[in-house]
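Take a look at the following structure, please.
Order of writing sets the chain letters: A, B, C, D and E. Residues in each chain are counted from 1.
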Amino acid sequence: MKIGKVVGAVWATRKAQCLQGQTFLVVESEGAQVVAADQVGAGVGDRVLLATGTVASRFCMEAPVDAAVVGILDPEGRHVSP
Amino acid sequence: MKIGKVVGAVWATRKAQCLQGQTFLVVESEGAQVVAADQVGAGVGDRVLLATGTVASRFCMEAPVDAAVVGILDPEGRHVSP
Amino acid sequence: MKIGKVVGAVWATRKAQCLQGQTFLVVESEGAQVVAADQVGAGVGDRVLLATGTVASRFCMEAPVDAAVVGILDPEGRHVSP
Amino acid sequence: MKIGKVVGAVWATRKAQCLQGQTFLVVESEGAQVVAADQVGAGVGDRVLLATGTVASRFCMEAPVDAAVVGILDPEGRHVSP
Amino acid sequence: MKIGKVVGAVWATRKAQCLQGQTFLVVESEGAQVVAADQVGAGVGDRVLLATGTVASRFCMEAPVDAAVVGILDPEGRHVSP
């Protein structure tokens, strides 16, 4: 997964039938932007875990989803183990 | 998925049998061009949602399609959630 | 898929058993070179459609093929829809 | 797989249900950072083997995991065969 | 597939159980290094065919292998078809 930051959302009234009901967030990660299906109720500004590729569609079976937000990082962010 | 813009189309009379009947759009996204199977009736100039990888072939089973246009972004484009 | 140009071929006498009988073309696309299994009888100089990833192996089941030439672009190349 | 170095870990209290119980390490490889599910008990500073893509989820079935630490390189690191 | 050159090997005593018995070669391709399971008995200096992604694991079922050496290029290397 990648660490990313939610910077917005997109809407597409005209879309593949199987994508109905999904929320699509725009996530910025390492300088690139990805549109990902939200699985955890993330919002703009949240630092999130972004899964990409085929595994991202496991929550949205039969839909061509190649990116999903699968976690929200804890506020303390990232720690180095002691 | 990626946000892209349809900039043209390609035709290949000689192609794998299972690709017959598909419309192939040229989509520009982050400086690169991808040829994607159209699933939503997109046209040149449309800003679209581009799915890539294995999931893109879910609409075109048994065909080696690794990119598909799966949505057309609403004209207002992209919003930042309030 | 990507648009590429066939620039040569490679031969590997010693290869995985399941790859026997395949023709491997060298395709140049966006500055990088990929070795792809030929599915349409393409030759050097042809502009082709290049499929990559798992979907590329659908024509060559049980073989670790991650790239395939799946179409030859028409000579008029690429058009912008009217 | 890629050779990487564990540089930390991340925690996400709010995450997809199927990701519960996983340890997520931050691995640096060729200048980029990836968050990977730990399969071998690796710690900060370890040089590891990093598997990415669909195959990474084979240890964590039904979870959208696209990266996993699958081995710890021996201290002598990497050898050139004699 | 990519054309690469074997530049070494890695050993990992501590690794996922299903990776036991595999030989892992370090292959250089287009400036990047990949660790790949050897399927053809390649050695340092050999120019090889490198398969990546899910298809690479077809020889090593149930193992998270995302890269495999699947062929050794003939010494004459690469030819341009006449």
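We adopt the following convention: contacts are C-beta pairs under 8 Å (C-beta built on N, C-alpha and C of every residue); 3 or more make two chains touch, one makes a residue touch a chain.
Because the structure is a prediction, the values reported are computed rather than measured.
Chemist: Moving step by step between touching chains, how few steps can get you from chain A to chain D?
Modeler: Counted as steps through touching chains, the separation is 1.
Chemist: Fit chain D onto chain E over the CA trace and report the rotation angle, somewhere between 0 and 180 degrees, nearest 5.
Modeler: 70
Chemist: Taking each chain's centre as the mean of its CA atoms, how far is chain C from chain D in angstrom?
Modeler: Centre-to-centre distance between chain C and chain D: 32 Å.
Chemist: Could you work out how far the Cα centre of chain A sits from that of chain B, in whole Å?
Modeler: 20
Chemist: Listing for chain C: what residues touch at least two other chains?
Modeler: 53-54, 56
Chemist: Taking the contact definition as given, in what order do you meet the chains if you travel the ring from chain D through chain E?
Modeler: Listed around the ring from chain D, going to chain E first: D, E, C, B, A.
Chemist: Which part of chain B faces chain A closely enough to touch in the complex?
Modeler: 1-3, 30, 39-41, 49, 51-56, 58-59, 68, 70-74, 76-81
Chemist: Within their complex, state which residues of chain B touch chain C.
Modeler: These residues of chain B touch chain C: 7-16, 19, 24, 26, 32-36, 43-44, 53-54, 56-57, 62-67.
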